[in-house]
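The structures considered in this document are given below.
You will see chain A twice below: alongside chain B first, and alongside chain C after that.
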Partner chain A sequence: MEIVKSSSAGTLDSCDIQIRIETNEIGTNEIYLKSVVEMQFGDQIKSLISGVLDKHNLKGVTVNAVDRGALDCTIKARVESAVMRALGREILEDWSVIHHDK
Partner chain B sequence: MTNKDRLRRTMLYVPGSNPGMIADSMIYGADSIMFDLEDSISLKEKDTARHLVYEALKQLDFGEVELVCRVNGLDTPYGERDIEAMVAAGIHVIRLPKTETVQDVKAVEILIEQYEKKYGLETGSIKMMAAVESALGIMNAHEIAHASKRLVGIAIGAEDYVTNLKTTRSASGIELIYARSQLLNAARSAGIAALDTVFSDVEDIENFDNEVRLIKQLGFDGKSVINPRQIPIVHEIFTPTEHEVTHAQAVIEAIKEAEAKGLGVISLKGKMIDKPIVDRAIRIIELKKASR
Partner chain C sequence: MNRIHGKMIKPYKGPFDGVGKVTSSLREAIQRADLKDGMTISFHHHFREGDYIINTVMDQIAELGIKNLTIIPSSLGKVHEPLIGHIESGVVREIHTSGLRGKLAEFVSDGKLGTPLIIRSHGGRARAIEAGEVKIDVAFLAAPRSDKMGNASGNGKYTQCGSLGYAIVDAKYADTVILITDDLCDYPNIKPSITQDLVDSVVVLDSIGDPNGIASGATRFTKNPKELKIAEYAANTIMSLPLYKTGFSFQTGSGGSSLAVTRYLKENMKLNDIKASFALGGITQPMVELLEEGFVGCLYDVQSFDLTSTASIAKNENHIEISASQYANPSNKGCMASMLDFVILSALEIDTDFNVNVMTGSDGVIMGASGGHCDTAASAKVTIVVAPLYRGRLATVVEKVTSVITPGNTVDIFVTERGIAVNPRRKDLLEILEKTTLPLVTMDDLLEKVDRLVGKPVPIEFEERIVAKIEYRDGSIIDTIRQRKNTL
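Entry: the complex of A and B
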């Protein structure tokens, strides 16, 4: 799928993560992360972000993430929100696209 | 899990937009947690709050606490999506805001059933709670309380209600006496829980304490709380005294003894024990167990 606009979701508050999504010219996904726990969990956070992008078949997007100690569920939620906004589907989204068993 | 008879002394409001509060919400000992997608969420963040609550419900362990979500009304672009997301996530109870008629309850019930089927859940597994926040809703409280088998309780939302009445909230709560009594009787006639409104000033412990004692005496099951500091105050007031517990235990023992002897008429210390006294005794023992 292709994003129709740059978007963001989340805040810089403690326990949150701010996600910004925009298109890039290189055709593959890039994830840039700043995190207070980057040494311990940086790869895991990037993997979570990447997983949501893959689920929506997104290619050629750049994600800038600023993490303030968010839990996995918060990371996934913020990326989902940013993706839906980038796809222009934040109002009439089909929840079955987002729904997952775990 | 949830059912009509579980304890609901406290229902902690948690804004669905705040990941820190969501993550900590289960540590304060509230009987129920209510994630809010409605009035505490700005229009620009309705979508993100819905995602946050959905993912939290899917991934966090909330233990035995009852999980409730206050969704947006069906007269907004958000209400149906909220319901779909919460059903997909397996919420225990969907709380309807600003309920005024039986139709309000029926409309949400139809959507819940539709999405239970879509996501492979047993029909009827998701329960409902109706918040009544207007004079019309209070006048229709009886019909609302009986509108669906999914309803586990009805609640009063006082801030909107007093505005509708053209008054304000006072320390005595005199302006809410009629509404509280009407709502309580409606709930009891339907065999469901009655939940009282929030007390907004978290610094005013004295008047909060007074209000909790008032609603307990009226017969309410519990109260919505907006700050974890209010939880132990409610629980303490709803915890039976040692005298009440001792008496309740004696009633239960007398019943068991009479049943063993095949006696029809039961007495304790010269006073007849009938069904209402037994029911109260069972309730006191339940409250005592929950307070441990």
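Entry: the complex of A and C
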């Protein structure tokens, strides 16, 4: 899939995560994470974000994430929103049914 | 040097020795106290984050070239970050405290203090001082008001801290007591917390503390639904137990949930015409309201947290100042804590054996205070710990706490927003609570729930080096904190 614009989702509130997505020139995905729980959960959060990107077949995307202790469900939702916005598909009809995994 | 009962004595120099106690400067007072390399000095923490004294005194001591001191403040806050410089330059060698926070705490957690930090509870500190395990050579005690002889009290023209409970022990047991104030009043200052017979010098400074950092204004009630849920469960737990009847006694912490417990209790006390005999501890506005509305007979106050309580201790006869020893020293002839029915305490972490950590963050960095946690937990008939199941992404319920401040055999009930766990040791409480509609769970249930929600964290790694020793209230070492490994 192709990104049509840079996008963001989420806030810097406690228990939330802010995601910014933009294209890069290297062709692979890069994830930069700052987190209050980096030592304990840094790798898990990165792999979660990367999983969402893969699901949408995104390549050459840079994600800047600032995490304030969000749970996995929140992180996934914020990344999904940012991806949808980056793809220009905010008002997609099947938006609510596409990405419910177990 | 001549000592009687461990205390330095001065030969008789006539009836008026000591009349000229007011010294022209802090420097002169320090010199007069004959402070030397390697001595032990103390401070109190009644000014909390508004304290100017520790930094001012340490700067002056550094200027005088005195080194290798042991400092034993009753606690330290973020505001004491400049101590880092004094450690690096060799002025401070050893620190004993209840709490440690901010940059200074990170500095110590990184192993940069030469000798391990000693962490004591409030009762344990009073015990160690009275037992002579630590000998204070010079106590630097700030007081919002004092007269020229050192009759000192907690409410002055510029600053108000109410109770001076932690300072009283130091005043009684230090060889030399330097009283520091910014409000020198006419003699005599009546109803002093510290009396003139204990004070060597009086120093007047322009400013001793920032009123905004010393006591918060109005205590805001939490609106956080999680905290309210926890408070409601905790209050309902108390109300279900037979100890809850007229004449009961209690202490609550100053966290959001703890404060809200008082509010729920009050509604029920009003409804059922139940009155408490006394409330203890760090005193806050909700307790003062209980006193003024007649729901509690008296307040015993070792530390006044907000302006409502600093004002109350000055005007309400039944709002009584007590020393840290009277509060929680396990080795005197009976501390007030030993008369508690209920205590409600908070936790950073609690494990499946009910051990509680209030000192070390889940990242291994020191960030809290021991306070009266283990003292009151051991003493009260029913000890209730309240905390959310997780904060941010960090679990409160864990398999093993990062460090133990309060041992699990002194904790009876743990209340979260997801249920109430009763320590299996307290079958009597469990039997009563099982007959109620309260949501009882086990610690294992809670651990499983929280693991599912936040996931399994990568375990924190530590170096071999011990950076802090945690003393239990009786002086035994209950745990140690190791230097954190920086894995990022």
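The working rule: the second predicted complex is superposed on the first by the 97 of 102 C-alpha atoms of A that agree within 3 Å, B and C clash if a C-alpha of one lies under 4 Å from a C-alpha of the other, contacts with A are read in each partner's own complex, and residues count from 1 in each chain.
Everything below uses one rule, namely that a contact is a pair of C-beta atoms (placed from the backbone, for glycine too) under 8 Å apart; a residue touches a chain by one contact, two chains touch by 3 or more.
Remember, predicted model here, so these are calculated numbers, not experimental data.
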{"item": "Partner chain(s) touched by A:Cys15 [first = chain B, second = chain C, both, neither]", "value": "both"}
{"item": "First, second, both or neither for A:Asp43, with chain B first and chain C second", "value": "second"}
{"item": "Touching partner for A:Glu30 - first (chain B), second (chain C), both, neither", "value": "neither"}
{"item": "Touching partner for A:Glu2 - first (chain B), second (chain C), both, neither", "value": "neither"}
{"item": "Which superposed partner A:Asp54 touches (first chain B, second chain C, both, neither)", "value": "neither"}
{"item": "Chain C versus chain B, contacts on chain A by residue", "value": "B"}
{"item": "Contacts of A:Arg85 with chain B and chain C, given as first, second, both or neither", "value": "first"}
{"item": "Which superposed partner A:Ala77 touches (first chain B, second chain C, both, neither)", "value": "first"}
{"item": "Residues of chain A at both interfaces, chain B in one complex, chain C in the other", "value": "14-15, 70-72"}
{"item": "Of all residues in chain A, those that touch chain C in their complex", "value": "14-15, 36-44, 68-72"}
{"item": "Chain B residues within the chain A interface of the complex", "value": "18-20, 22-23, 47-48, 51-52, 54-56, 58-60, 77, 81, 84-85, 88, 118-119"}
{"item": "Residues on chain A engaged by chain B in the complex (per definition of touch)", "value": "9-10, 13-16, 70-74, 76-78, 80-81, 84-85, 90-93, 95-96, 98-100, 102"}
{"item": "Residue ranges of chain C in contact with chain A within the complex", "value": "362-363, 391-394, 453-455, 457-458, 460, 487-488"}
